[in-house]
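Shared chain: subunit A. Partners: subunit B in the first complex, subunit C in the second.
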Partner chain A sequence: MKNTYKSRLPGIVFVIGALLVPLASQAETAEEKGLAIAMEYDKRDSGFLDLTAKMTMTLRNRQGNETTRFIKFKTLEVPGDGDKSMSIFNTPADIKGTAMLTFSHKLDPDDQWLYLPALKRVKRISSKNKSGPFMGSEFAFEDLGSQEYEKYAHKYLRDEVIDGMDSFVVERVPQYKYTGYTRQEVWFDKKEYRLIKIVFYDRKNSLLKTLTYSDYNKYIDQYWRAGKMYVENHQTQKSTTLLWDDIVFKTGLSKRDFDKNSLKRAR
Partner chain B sequence: MLKYTLLLLMLFFLNTAIAGEWSGYASVESRYFFKDPLDPRQSDSNISVAFQPEYWNDWDNGRQSFTFIPFIRLDNQDPERSHGDIRELFWIKAANTWELRAGIGKVFWGVAESKHLVDIINQTDLVENNDGEDKLGQPMLNFASIRDWGTVDLFILPGFRERTFPGPEGRLRTIPNIDTSQALYESSSEEKHIDYAVRWSHTLGEWDIGLAHFYGTSREPALLPGTDSSGNPVFIPRYDLINQTSIDIQATLESWLLKLEVIHRTGQGPDINATVAGIEYTFYDIYESGTDLGIVSEYLYDDRVTNPSVHPPVIFQNDIMLGLRIALNDTQSSEALIGMIADLDSDEVFYNIEASRRLGEQWKLNLEYRAFRSSPIKDDHILLDLAYHF
Partner chain C sequence: MTSNTFAERFGTWVVNHKWRVLLISLLCVFAAASGGRFLGFITDYRVFFSPDDPRLIAFESLQNTYTKNDNVFYIIAPKNGNVFTQKNLDTIERLTKEAWQTPYSIRVDSITNFQYTSAEGDDLLVEDMVEDSLSLTDNDLQRIKNITTNEPLLVNRLISPSGHVTGVNVTIQLPDAKGGGRVPEITKFSRDLVEKIKVQNPDLDIYLTGMILMNNSFQESSQKDMKTLVPLMFLIVIIVVGVLLRVVSGTIATIIIIFLSILTGMGLAGWAGIKLTPPSASAPNIILTLAIADSVHILVSFLYHMRHGMEKKAAIIESLRINLQPVFLTSLTTAIGFLSMNFSDSPPFHDLGNIVAMGVAAAFFLSVTTLPALMMILPVRVREGKTHGHHAMDGLAEFVIKQRGRLLWIMTIVILVLVSFIPRNELNDEFVKYFDKSVDFRNATDFATDNLTGIYLIEYSLKANDKGGVSDPDYLRTIDNFAQWYREQPATLHVNVVTDIFKRLNKNMHGDDPAWYRLPDERNLAAQYLLLYEMSLPYGLDLNNQLNIDKSATRFTATLKSLSSRELIELEEKAQQWLRENAPANMITDGVSPSIMFAHIGMKNILSMLVGTSVALVLISFILMIALRSIKIGLVSLVPNLVPAAMAFGVWGLFVGEVGLALSIVTGMTLGIVVDDTVHFLSKYLRARREQNKDAQESVRYAFSTVGTALWVTSLALIAGFFVLTFSTFKLNSGMGLLTAIAIALALIADFLFLPPLLMKLDGKKNANTTPEKISSQGA
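Coming up: the complex of A and B.
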């Protein structure tokens, strides 16, 4: 009996092995599947070279009072590293001409400079301030930074239909230092791998805010960009709407458009 | 002034074909001094208004731009403080490896907070504010070569601007006052002496470094005892020709900023060596409130002699600055800087509070409090400034 069993074992292993091979993709772990989704999102967005846009940010407090900021934004894709970007503040009027230059990195701290036009001073600032509010809004600096997949550990959670779109729901845990989040739940639509919604959990793992992307447009037949980002803070009841206009890809920007000299000229 | 006006008109007409944009501010400022003045001509308070519009446009895909920023202040007490200036009036051409800027401009060098030691291109508009951060427009031709190994800036500075000082009726001045109408120069070409400067600056990882040399008329004058036309004692400013070499370095190490500024100056009596060295540590987003709290400490050293007719006078020669910087990062951008500078050789302490907050979309309220303890300076004051930005 023992002998018979032994002699048959390799055969059984072979049969099971043969069954497993074509099923390998289905047997991937939730982590592998989550990572694969994030990498596909990253891949579909790579090669955009550069982008310029205008942002209108409307801040709304608990009482519903609104205040608006206009920001010019440009970014340069850096292969193998995080993107370079510049934000130029147009309103409120007292900070007109203030501009921020960021060299983002995948896991290393970003390099960041702030230009203060009243003093003509370019100030290197710490990029540790990931979790702080951007311009007094409900967006944190880390929400608006470049979203390379290496910045997070991913885990596929489930499929879900959201706004009529078949979506993947992926949990991601920031791997960079000084994040304000324990985790995020991200909805990617299955067809185009676009961000549909992100739910953020604070350092105590309590529900913090929900960011919803909408009004998507496709640019140069390839790149999807949301025209509207709406973030609602569930703890403070404040919200911010970010509208993107005049989005233009491949405008021919170079690294010279992202240095301390161009920061001083930015308007 | 005439040639500036002509240059202004010329550039202006060149640009009328292209639509530009106007912005700027108008403000009302009031200062109240807590102690009686030392000179009976001075008063306890003053009120003034200022206006600084700004015209800007660009063309050539943003590679060329033109900026014009005139400034005027009217003060009810001190006729010297009622003054105007062309802060900026320049054209920039930017190319891939270089930039050229010509006209009247403003340039900032340095990293420290308590004193801007290496910053030398522009003259200080001291009558505006005793913090030295207001500057007069400087005529310049600036060529910058931008390379992978750093940026080299060359400056030709034709035309010297005399430092502004409060007049006999103004506070925050020396006793006796400084008579700017009798200014003396070492150079026989006086304020027409052409000054030169060169600076190399570069970023190496966490380090931002600047090395510079300046040759020309000292922005700080020595002060000679004299008399004015009515025989009252005054100080007469004397502007020497100097050579000044400087280094400024900042290391940005996560929450820590390490800062160093050093100068070596020759040409004004014995050589002058001075340093500002400091640290800044910031606690970000405290308790997820969005508030940042920064702690700043700087050491100030200056080895000049205390004879104002040899070396321009300085207050801080062996002093420690301690400060707290609070930024609420709220919709109103509320922020405050609370600091003190203590002399290590005496009981003298200087206190400084600066706070600001936006009101609505276009108004900004600024508050400053400055006080001097165990000091011959009796000009403790509070300043409120309300500005409308457009």
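Coming up: the complex of A and C.
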């Protein structure tokens, strides 16, 4: 089912693309170029093995009220599939020790387990919630998960200079059935293939929110990570700032650090 | 004296420069009228409240903390009386999916996308209540029916207890700037979707309600009124003026003047940036009604003098000479009456008052410039001779003079009796009932209230002690008890409270054991359930609409049957009392909602209009004293000016008994209108007393014979004009029209049957010669 859908779509898009860009007939199509950019991004980011970090998430509502949450985060690269990750919540006090394990998948719903210390039980959450908000923020799970190129159908739109950086603007359409978006526009900087900005369009193709990446740092001479991610919902005027600290790559985590037992031990 | 020479010079100048006057006045009208292109309709119920209304501010704050409650609500009633069939559920699934495409929608809730949680071993399943309906077995359907009709979050909100009607709610987040302008677009989308769904499944009825539909109805109602009522009123004008004047050119000229007055009033409104609402959209009709009098008074005198052999030009100058001041005075007092609406708490009535005042001013200027110029240009053919109609008036005058003692008593008793019925009026502003049953929104909402759920809400943002405090067991117990209390109230249809989610999760976490369907008794546990649940919800179905961002407060919504303002306020007061007795101090908060705002608007408006009416009364009385040059007569005039409104409210209390926002402005408005009759009657009376040295009785007789006919004809036109408003689809207009028509009729009765006996009583004992004022030639 999914396969026929996947294989048919690029064909249609190809035909439309071919009609629209007759001049570039011998050059690559917009779809091919878009895909090439996403693959390059993916390639440059692969091989990091694992990462630990601390996240500070500040939520802001229309009234300007704010609240801040602290989360410990670790992730393990899984070649050929979505990454495994664990989020550990230590504040506020009433959720201290609560931890969430996620096996993300490219096109299927993620597997998720949550450890509830008050109940002393690990609960598997079976849902299609990738589109839902992460801890009440303006980030959806699908925004925060790893960005493998297979998750989207790409199309190169144009070049643009943004914040002084030459960048590619690529449109991508999520391939996940239960996504909350019709499409996204992504700015990659040409030099380092980093994400600069993503503009999201909701199910009715209306402008929903803008995610901006900034304060990039390079780790172990290879991997760029943004220190700050800011997302603003244009419909509800709510916003969320996500600050990343203490990012460490290749700490030697293994699969055993990402299973149900490790979930209970997580601090 | 000076005013007369001025009026005479003015009249002469106008008739000598008829083309120039016509051209300049038309240019002025077109300059003003070109502002009409800026006119538009407001489609937002919030416009009825001033921006600093504390209840509006509290409600906006609640919506900003959680989500907006502007919505489109689909009510689906399958013809087989059962929602739970493959086909019907499939339709609802489809409608739910398509509704996500609604412009500016941020959330869609239905029984099919309801996030149902259940336990399966140590797994928590969170899934759409209904998916892929066409593959469901009878057992599945029965199971789904059992769950949904027993789910406190759904029953009486999105599903009827018997499962015969269901709802799909679309939450709309309008962009702030000119958000109201998007309402027609959203309405059109929703109506198209209904048609589309009905084609796919004709075996069900779909109705549309919700705040967006109500907002849209404001515009539709106004446009409908303007299309039907204004032409009807023009027809009445043609008949009344035609019969009265019996001169074609005069009738045509009157209609032109009225038309230009409306254009000017509405055009100036456009220049002033006023946007129309149903109350202000009735302005053309009211201008039309009021503008008649000016033209009629000038034309009646003009034709009278022509019939009595005066040459046309001289007749016009003479008519202007004797009418300029009274017409100016009556226009001024009418304008003051309408401008008193600026004291109202409800901005649409400021607009109505200002537009009408501008229209009345335009009518005055046009009647003394364009009208004479037109009459100079148009051919006028009259038969010489006496105008009739005076015989009846002479008879009435004799009757009143003869029976003056008895009339004074009878009228006093009638007035007192009617006034005693005023307290029978109960304040009520139910916004759904603002629309009559010819409006789709009203019918859909009535159907919803009868079969599924109400549109009247009371909402609370209930605060906990600290951040994350919503998980505190004490807090949860208190709001659960509050919900319990609300559910015990007979008017309550549904209570949306976060505790039902906690109870269900607690049950899910204990293998769906019904014994665990209760609040978690530990804060950490509750907080962790909440986190778990929050993390499992998909796009658009999150808890943002129920929890604030730092989880220190929750939204509590009670959905109610249709209640009158009094019942609603009483219920909320009881709720406040419950909170004071059972909840910690920081949780006590006023209930907010559009229903609450409308419930208070009548009283708020009456209080503010008391001030407005008093100011108008003082100004108008002052003007009368100066114009009539008598403090005593000015004071006597207060009686026939004030009594009609009081009597009208008494009649209203006797037969209707329900007043609201619109009726609170009637007193100020009618004051400016009914005073005209008094001015005309008293000025003639005084002229007889002063110029002709007649006694009170003779002066009354003179007043009746000179202005009696004109008074009852103009009153008739006014009554007809305001009566036309009773055909409005919008209750604020129809009620206002009817009450004003009653007040004007009573004013006429008071001017004919009560004022003369009163004058003869108070003014009659003295000989005419002792009247202290100097003889004046003012008035006519």
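Following the convention adopted for this analysis, the second predicted complex is superposed on the first by the 240 of 267 C-alpha atoms of A that agree within 3 Å, B and C clash if a C-alpha of one lies under 4 Å from a C-alpha of the other, contacts with A are read in each partner's own complex, and residues count from 1 in each chain.
Criterion: contacts are C-beta pairs under 8 Å (C-beta built on N, C-alpha and C of every residue); 3 or more make two chains touch, one makes a residue touch a chain.
Keep in mind that what you see is a predicted model, and the values were worked out from it rather than measured.
*Asks:* Who does A:Glu40 touch here: subunit B (first), subunit C (second), both, or neither?
*Replies:* A:Glu40 contacts neither subunit B nor subunit C.
*Asks:* Using the superposition on chain A described above, determine whether A:Gln63 touches subunit B (first), subunit C (second), both, or neither.
*Replies:* In the superposition, A:Gln63 touches subunit C alone.
*Asks:* Could you say whether A:Gly132 touches subunit B, subunit C, both of them, or neither, answering first, second, both or neither?
*Replies:* In the superposition, A:Gly132 contacts both subunit B and subunit C.
*Asks:* Would you check which partner chain A:Glu32 touches, where first means subunit B only, second means subunit C only, and both and neither mean what they say?
*Replies:* A:Glu32: touches no partner chain.
*Asks:* Looking at the overlay, what does A:Glu150 touch: subunit B (first), subunit C (second), both, or neither?
*Replies:* Touch status of A:Glu150: no partner.
*Asks:* Once the structures are superposed on A, label A:Arg203 by its partner contacts, choosing first (subunit B), second (subunit C), both or neither.
*Replies:* A:Arg203: touches subunit B and subunit C.
*Asks:* So which one touches more of the residues on subunit A, subunit B or subunit C?
*Replies:* C
*Asks:* For A:Ser254 in the superposed arrangement: first (subunit B), second (subunit C), both or neither?
*Replies:* Touch partner of A:Ser254: subunit B, not subunit C.
*Asks:* Based on the superposed arrangement, let me know which partner A:Arg121 touches: subunit B (first), subunit C (second), both, or neither?
*Replies:* Touch partners of A:Arg121: subunit B and subunit C.
*Asks:* Looking at the overlay, what does A:Pro92 touch: subunit B (first), subunit C (second), both, or neither?
*Replies:* both
*Asks:* Quick check on my understanding: which residues of subunit A belong to both its subunit B contact set and its subunit C contact set?
*Replies:* 59, 61, 67, 92, 94-96, 119, 121-122, 124-126, 128-129, 131-133, 136, 178, 180, 203
*Asks:* If we count contacts the way the header does, which residues on subunit A are in touch with subunit B in the complex?
*Replies:* 59, 61, 67-68, 91-96, 109, 111, 119-122, 124-126, 128-129, 131-133, 136, 178, 180, 202-203, 254, 256, 259-262, 265, 267
*Asks:* Can you check the complex and tell me which residues of subunit B touch subunit A?
*Replies:* Those in contact with subunit A are residues 23, 25, 56, 58, 62, 65, 92, 94, 96-97, 99, 106-108, 110, 133, 144, 146, 151, 201, 203, 208, 250, 252, 254-257, 282, 284-285, 288, 290, 292, 329-333, 358, 361-362, 364, 387, 389-390.
*Asks:* Name, in rising order, each residue of subunit C that touches subunit A in their complex.
*Replies:* Against subunit A, subunit C makes touches at 61, 64-65, 67, 100-106, 120, 122-127, 173, 175, 467-468, 471, 509, 522-529, 531-532, 534-544, 547-551.
*Asks:* Mind listing the subunit A positions that touch subunit C in their complex?
*Replies:* Those residues of subunit A that touch subunit C are 59-63, 65-67, 89, 92, 94-96, 98, 100, 112, 114, 116-119, 121-136, 140, 178-180, 203-204, 206, 235-236, 238.
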